[in-house]
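Written out below as structure tokens is the structure these notes cover.
Letters are used for the chains, namely A, B and C, taken in the order the chains are written, and counting of residues starts over at 1 for each.
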Amino acid sequence: MTDDSRQHLREVKELDELLQKLFPISRSLSGLGNRETFRILKELIPLELTEYPSGTQVYDWTIPEEWRIRDAWIKSPDGERLVDYQECNLHVVGYSSPVRQRMQFADLAPHLHCLESSPEAIPYRTSYYQHNWGFCVTAAQYKRLEDAQGPFEVCIDSELKPDGAMTVGELRISGESQAEYLVSTYCCHPAMANDNLSGLLTATFLARDLLKKGKPQFSWRFVFVPETIGAIAYLQHNEATMKKLLGGLVITTCGGPGPLGYKETFLGDHLVDRAIRLAFRDRKVEPIRYSFVPDGSDERQYSSPGFRIPVASVTKDKYYEYSQYHTSLDNLDFVNGSQIAQSLAIYRDVIRVLDCNARYCSTAPWGEPQLSQRDLYPATGGGINQPSATGPDVVTTDIDAIMWVLFLSDSEYDLVTIAERADLEFARVVGAVDRLIDVGLLEKVSN
Amino acid sequence: MTDDSRQHLREVKELDELLQKLFPISRSLSGLGNRETFRILKELIPLELTEYPSGTQVYDWTIPEEWRIRDAWIKSPDGERLVDYQECNLHVVGYSSPVRQRMQFADLAPHLHCLESSPEAIPYRTSYYQHNWGFCVTAAQYKRLEDAQGPFEVCIDSELKPDGAMTVGELRISGESQAEYLVSTYCCHPAMANDNLSGLLTATFLARDLLKKGKPQFSWRFVFVPETIGAIAYLQHNEATMKKLLGGLVITTCGGPGPLGYKETFLGDHLVDRAIRLAFRDRKVEPIRYSFVPDGSDERQYSSPGFRIPVASVTKDKYYEYSQYHTSLDNLDFVNGSQIAQSLAIYRDVIRVLDCNARYCSTAPWGEPQLSQRDLYPATGGGINQPSATGPDVVTTDIDAIMWVLFLSDSEYDLVTIAERADLEFARVVGAVDRLIDVGLLEKVSN
Amino acid sequence: MTDDSRQHLREVKELDELLQKLFPISRSLSGLGNRETFRILKELIPLELTEYPSGTQVYDWTIPEEWRIRDAWIKSPDGERLVDYQECNLHVVGYSSPVRQRMQFADLAPHLHCLESSPEAIPYRTSYYQHNWGFCVTAAQYKRLEDAQGPFEVCIDSELKPDGAMTVGELRISGESQAEYLVSTYCCHPAMANDNLSGLLTATFLARDLLKKGKPQFSWRFVFVPETIGAIAYLQHNEATMKKLLGGLVITTCGGPGPLGYKETFLGDHLVDRAIRLAFRDRKVEPIRYSFVPDGSDERQYSSPGFRIPVASVTKDKYYEYSQYHTSLDNLDFVNGSQIAQSLAIYRDVIRVLDCNARYCSTAPWGEPQLSQRDLYPATGGGINQPSATGPDVVTTDIDAIMWVLFLSDSEYDLVTIAERADLEFARVVGAVDRLIDVGLLEKVSN
């Protein structure tokens, strides 16, 4: 077993353990479950937490009251818990107001949500901005309630604190340049694994990678927020900075058993898109392509007219596209560490491409430099397909990469363009750049 | 029967009656038939008529003498009219000089035109700029003349008036903006229905539509001229204005039984082209596509280097493409009001697209505005494919349109681009714009 | 037999005779064989020769010592010449140092080159920049040496003159404009016919053509240099001029029996590329398309970042693509005058397109000019597909060309663009331009 595969297994195991730990926690727009989630992630990366007070105006929105929930149930007259929040935190509609009432089925029914299309599933429902309460149940539970004799004892032991707060986490990794990329993910969904424990863990691992390496070229801003309202609040609190971002990634639903996918930025051919396509191309994976639509995750906020940050997502069972989406079936039978590791590998490559990308300038641009004098080219000429094996320790694809890099390095072409144009793996292009810098034939153009 | 289909039937009937009325009139570059045609059209729209005096220099051309014709025939020695202008005004070559002569077949033959490829047809011929005379006959008539015993009595009772004039009609509908589109058609062809009674009637009806509605956004200039020389003369008399036009339509041959077609502007992707493609797309009609070539109708003049007005045509049996073209078979058996109404429907949509097109700007561009507060989005979240039916009176495609319009409304994208990019019907995009203006989320960017 | 085919036969015969004369001469980076080659070419065109002294620094390179070779052999102990330079000058590795030694096979073997993949072939090898010596032999010769009893008498009667020089030839044909195109070919390969006698002869014939005609519109610079070092040295000696060149052609390997090909410029859609594609299109030949790669011939130098001259090649059995490449089998069985004549024909057209290309301006740009008054259009109108045969001596495609040229001649479109857009043969477009200039309707826009 190689070091690489040993490390891969270690990583998969770590992901699986974290999935187990994080899955049962009750997350929402705000509340104790979110803080507990952040506490666990802080064991991996030094997230900075900020609390946005309830009632604060953020652009067109208001930070909602903090929601706390302790327990909830529907009991039969004989005290049996027919629906029990302790079994699954999806049973309660997110942001349900407190209730404690005896009621007949007819009065209860308007507060029940179930899915006819997926009878074993408990659906995921929220009512963030309109005071309401409700239970989400399987079709069997619904039937049982309908058939049972009332009255039922209905309890939601929750609280909506006007003096509460919404918690967001962030981590800024400072690079050689203050020019900055964004990696954002969301933490507001309760017990669902693909949407979005997969994203939380992927973002966390990517941040940890970057921290382990030396100083990156660019700065990288990792943002962990409740979806929509959290991203909007974060944008308002960091407006000037966010308007200058180079681009970014929104990490969501990337741990399912299905094929890898990629949702484009709103521009479709931004450097972020090209980096993602190179990463897939170099791994010889053809992702499902999703065109940009203004319906999805926090690209809706980051790419809005006021900010226009081009952000894209790599997915594995993208939201909307799998039948378990937004139900209790999006669970740990559906998602595992090994699947998340596949998305993680692509994202790592994407970040490497973006962070390594630069423009270079040949120091000997008039005709070709004499490579054979620098042990970069065979000394005996004339061999079929010139650059042959009779030369120094330079294999053909390396010579190809060296020649392409030298040919295009006129300060205009960046490495991404060179890798695309030459149809060479990005890593080889970077390798050629390193060799040419070593022998003094190339200089980096400052950003 | 719906109001719409009742109105459609009324319109078809009106078109058919006008076809009957206009078909027999002798039209040419100039003359009484043209004035009679304009008199009838003035009953529908307030055309302003201008007379360009014969002999006037217009760019590289000269307005020709006015041609008047009363009668023409070829009689056998016993007085029988073997060819009779009263039966069909195509029998005489347009602009024939007066003739009154006895002659044998051998001398007559060079003045006879017939079509071997279409023996029952009388061809359409003119000799505008070279004094000449001639008769157009069917193959049977030609044979009969050839076989008959002469001499024939040949008479063309015509007149070429050096002090005459060429009549053009125009109608300018002033919009909120003085920026102007052109709709041009030609009135110089005698008894042929597709070429170009169909165009005359379509242009007339489009003008009447615009007059009925409120003030349009743009100004619209309708021009009714003899083809080529008329358009050139009009350009000279309105040079400064015509150089500033936004684009336009040349309406010709749009009433045949064949499929709808579309000839591109010389630019191929001008807003006029895109409006036409949207109109066809939204009606789910795939037109025959004709690339621009500088051979055709008055796009040759309007798009010439000195003016470069991008003009396109919607056709139904385009000139050159049907076997009855430029013969007596292009008649009321070939063309009817119901067929013209199909082209009219497309043209109406094209004008609506062009006239509604504008750029808008979101008033809440930082992240998304909170649509649910404005009854534009469901209040309960989490439903599969988010915007669900559990919300207010907003169907999914409306939400899509609202979200696309908000996302793209940064003063850069116009509605045509939004409809293209979002693949949404233009009418839905306009609907979304209207709702968003109502709730104060959108403002029009002044042109 | 037509004049054209008689001239073609004459040309093929001349090419064949020159192939015979030039094939056996020993060429290299420098030396007497190169000077003899130039002497023969000077009988056809007035090449100017320049000697670049050995030891001169040219950018990153140094002009090597001049190599002279008189004889070379490997003799058996009984004096039999087992390998004999007099039989084939490929037997000696280019730039071999002088040797005169008795040695056993074990010591000789590292100096022997043969091709297992092509046992009858003598490979072509050089060692320009590292002092060394060697023999290239067939597999049979290698075997015979291996089996024979030594010691062998090994002799390379060569000389490396530090006070020598490298010879280059050039010819500048001055045009009306000082703006200049490049035609470059290389003269450094010994007895191989496709690589690159075919290129030498093609370039020579093209230069002779241009000299025979009147003054061209543009200036044309023909350059005959040793590949790589020669091109680099030439660039340094003509730096300011070469940085301004419009584009050019690198002529190489264009005389094989295979299909015609075309290697793009590094830009891919430069005017040089478009001229080549038009030339092939008009001859209805579909060439093999080779994308630009920075591995090939002297485009590596001319298009390098410091110069960026867009150069392309038309090939017939392109280097790397045929099995005889860089061996003794690239000989006069493989190449002949008739094959070279095919490439020559394409190149002639390419030069004609580039040299005729210009922008024109209509003198009557407002609407169409009245063509019928100038005998460019039929006087009787109305015929089906308007421009008919009943008019003057103008066939339909001529009218098409006239109308396209007039329509597009607004000083923006050049003739290459017109020929592409109208899908008309370049020669017809030029014909239309000539007629329109004759009647005063067109003026050339100065470059």
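Simple rule for what comes next: a contact is a pair of C-beta atoms (placed from the backbone, for glycine too) under 8 Å apart; a residue touches a chain by one contact, two chains touch by 3 or more.
Owing to the predicted nature of the structure, the values given are computational and were not obtained by experimental measurement.
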item	value
Interface sides of chain A and chain B: same vs different residues, half threshold	different
Degree value of the rotation bringing chain A onto chain C, based on Cα positions, nearest 5	120
Centroid distance [mean C-alpha coordinates] between chain B and chain A, Å	55
For chain B, residues that touch 2 or more chains besides their own	none
Chain C-facing residues of chain A, complex	362, 364-370, 372-373, 379-387, 400, 403-404, 406-410, 422
Sites on chain A touched by chain B in the complex	59-61, 93-94, 123-130, 132, 228, 231-232, 235-236, 239, 266, 293-295, 300-301, 303-308, 320, 325-326
